[in-house]
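To start, the structure itself, in structure tokens.
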């Protein structure tokens, strides 16, 4: 759903930190109801003379409020409580992720898909499994899970391994592209597809794409790192 | 207050509602913004670059932010001009806002053919012929680094434009030609104006991954706020020799920046990188510009075009 | 951890304590900083540009900040090289830190004479020959825009340097020569390395006063943080063809920036604009650099020089 | 006196504002005693990737504390209470301004010289006079004031008028130069002098120069505006 809103930051929480990055949850007020948990949005960084915008994932807070999960460089100036942000999205996902969906990810990327739990999805983190990820998936599909209900938020190199393991499978994959306009115009986030030479904008119809459509080698090189 | 700008097209004049334009490659094929903002409030809109063949999303990371700007390496990523004319142009409000296209091609014959297609469409107001082709300065056609050939080429292109579409030359900032020679050569060949600048080569390295952050050869086009001083001076240099309009670009963010470019001698301006900082960038900029001119007591842009003076002690 | 860098001088080698240098025109004549910081902790220090004649403070506003950098138009403002050698050099700790000078002159004979004076002084470690002269691209001697002449000139200069002072060519970023040709020509002529870049032309307009903010013709040299992507890519291009060291410069602020330049292929780096942001800039930077390399697990700069790789999908 | 100190902002007061500029008094703690009222200092603007520094005038607060008087662009991010600044100076004025000194200025530039009152100087603001400034000065010198005890903080164009009026006078003038290194090295602030082709650094021996030494036309073009 398309929206463009001024929102206000009511809290800044640190999720994780390493030498290069700080992952933050920004508690916000004023986000419209169209912004669903798990949705990717773009927001303008307040800095005056910078054409900077950042992507974030919408999260639902237990208290009913909303948060934006996002990543800042460790040297960046952090947003302040009380600051206003402009946030927008033009995303109408080609496939809904809700009850019955199984999302597969790794610990480092978990924060980007965790909010889908609020929409009823089950989330599986590789490092938390007792067995090898492929074995787990084989077991689940053997037990009747259909591939189109599986959503893989994994690095494109892992996805290439997945295809070698399950050549006929047709799950969805998370295309983690850099975004710029967030409108579908600039082609920052276009995914190379076998069946559409124009590519398709992750910010418009993403983030989930049917795996068999995607050129995974090109995705590997044009994707943002899965962290 | 009068924000309008009048520029020549062949022997006639064209008037723009205001000096604010989008920049090639940063506003999609225009149609993407039609439900987002009222595009007819802009001076003019420019679609993404067209080549004679169908493109596809580039095979590397396509952009990166720098501290003060934007690196882009989108490559050849658009549909063909013919497809744009057939599929998209009919849906654009060409009667209410001038539609421009930016074209690139390796040969003069291809450029001529593309311009003819624009004229035939009956709905394209103008064409920018893009000097950044092929990319990276390799195999650059000689008409981009030799004034005589450039003039010659524009003679052929302006014959094709036939006074029916505005014909601008978009300077390749990397070209080996001195900017003043470039402007004059294109004008002598019949160009109605010169757009400058385009992005300049730039790079950033991720020291953790030991890799360039975007571009399939390590660099991208650097644009945005950090290039403004350089681009603004280019605009001054061009305006000093130009006998036809200069369309300024490079690092414009605010209404103050727009006024700087007009004072440097520009007729119109284009905004690329900054316009992606929020979807409603353009309507806000136009409001800001009106308010700023009001405060500065400027009634018309003709009053201030090229007015910036040098202050130095006599020798 | 080993921060040292070894570079050739004629047939011999010179070792620098670390890759951090000052930049011409931003560190005075060195002596001004002697009581302010311990200059012997730097890799090397460079004095302000010398011309064959006495300068004076420029007759216009000499610098201005831009959003992301620095415009400078200091003009010919220094004493002569002879006076520097006679009055200042004796007070500098030339045994503890390599002293470099930057020289400009309209004729080859004058440059040769200045290099001979450096050799004769016995206390100057190296000379940068500055391509930005005369300014503003007017009356540029042909050896700055023609590779053959450039090579020829450096043959004469390296004969004068006689393996007794390091001889570097400082590229004029405005020169019409392609950067790769410039580097190769200077090297063939006998230069021990190339310094790039220098500031590029830039301007800013005060829209209230309707005037350019600095420079006696409207522009100044643009440097500082905003030029880094452009300058860094120039460094990559130079390093790709260079057979002798590249000394990188342009927009360096932090230790991370220094590492980017080394990964781009530089042996040494110079810092100008940012170094004026606080008097103790250099000692802090050197500490930061040591700490950063520690964190990145880099034991020697030789490990990472030129290591930045391109990441792109195979065609 | 040379110093380089980390100081902390304890208050931000607005002095004046127009469309382009905001004049501020930054209350600070940690300034060394060498920093005298009226002295020009340089401080680093906190912004991370900017080679920005600004000049300020030291002021003595009635409560015994110190403040920095400075000017920001109206669009600039203002410094915050609690922020740390690095401040330095390398100034050893060639001439002291203290009891017995008469400083002459205009309203817009008054804030830059007002702190000298704390050092015992008398400050005369043109707009507050009952008569023409030149008439006032003539009266004062007729009554015995010596020109070398007069300090003119006036626009260089006014100073050229002064010289036409008083060709033989030798007061001191305020050279209001842009500064960059604040050390005496970069030559940003060098004043063109008749008797020294090198010029002299306002940040080292300024801000006051004996009028007869200064090339006032060059000062006019290289000086920062007197606001």
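By written order: A, B, C and D. Residues from 1 in each chain.
By definition in this document, contacts are C-beta pairs under 8 Å (C-beta built on N, C-alpha and C of every residue); 3 or more make two chains touch, one makes a residue touch a chain.
The chain list, named the UniProt way, goes like this: B, C = Dihydroorotate dehydrogenase catalytic domain-containing protein.
Computed from a predicted structure; not experimentally measured.
Asker: Between what two chains do the most C-beta pairs come into contact?
Answerer: Looking at every pair of chains, the most contacts join B-C.
Asker: In terms of CA centroid distance, which chain is the most far removed from subunit D?
Answerer: A
Asker: Approximately how many whole Å separate the CA-defined centres of subunit B and subunit D?
Answerer: Here the centre of subunit D sits 45 Å away from the centre of subunit B.
Asker: Express in whole angstrom the distance between the two chain centres, defined as the mean CA positions of subunit A and subunit D.
Answerer: The mean C-alpha positions of subunit A and subunit D differ by 55 Å.
Asker: How big is the gap, in whole Å, between where the Cα atoms of subunit A centre and where those of subunit B centre?
Answerer: Measuring from centre to centre gives 34 Å for this pair.
Asker: Could you say which residues in subunit A touch two or more other chains, in rising order?
Answerer: 19, 48-49, 75, 218, 221-222
Asker: Where in subunit B do residues touch at least two different other chains?
Answerer: Only 59-61, 67-69, 208, 225, 254, 256, 311-313 qualify.
Asker: Considering the complex alone, what residue numbers of subunit A touch subunit B?
Answerer: Per the stated touch rule, the residues are 2, 4, 19-20, 44, 48-53, 86, 88, 90, 178, 180-188, 190-192, 197-199, 218, 221-224.
Asker: In their shared complex, at which residues does subunit C touch subunit D?
Answerer: Interface residues on subunit C, with respect to subunit D: 25-29, 32-33, 35-36, 48, 54-65, 68-70, 74, 77-79, 208, 224-225, 253-254, 273-280.
Asker: Quick one: which bits of subunit C touch subunit B in the complex? Just the residue numbers, please.
Answerer: Listed in rising order, the residues are 59-61, 66-69, 71, 176, 178, 200-205, 207-208, 210-212, 215-219, 222, 225-230, 232-233, 236, 256, 259-260, 263-264, 296, 304, 307-313, 315.
Asker: Name, in rising order, each residue of subunit D that touches subunit B in their complex.
Answerer: Residue list for subunit D touching subunit B: 19, 49, 75, 217-218, 220-222.
Asker: Going by the contact rule at the top, pick out the subunit C residues touching subunit A in the complex.
Answerer: Its residues touching subunit A are 67-68, 254, 256, 295, 311-314.
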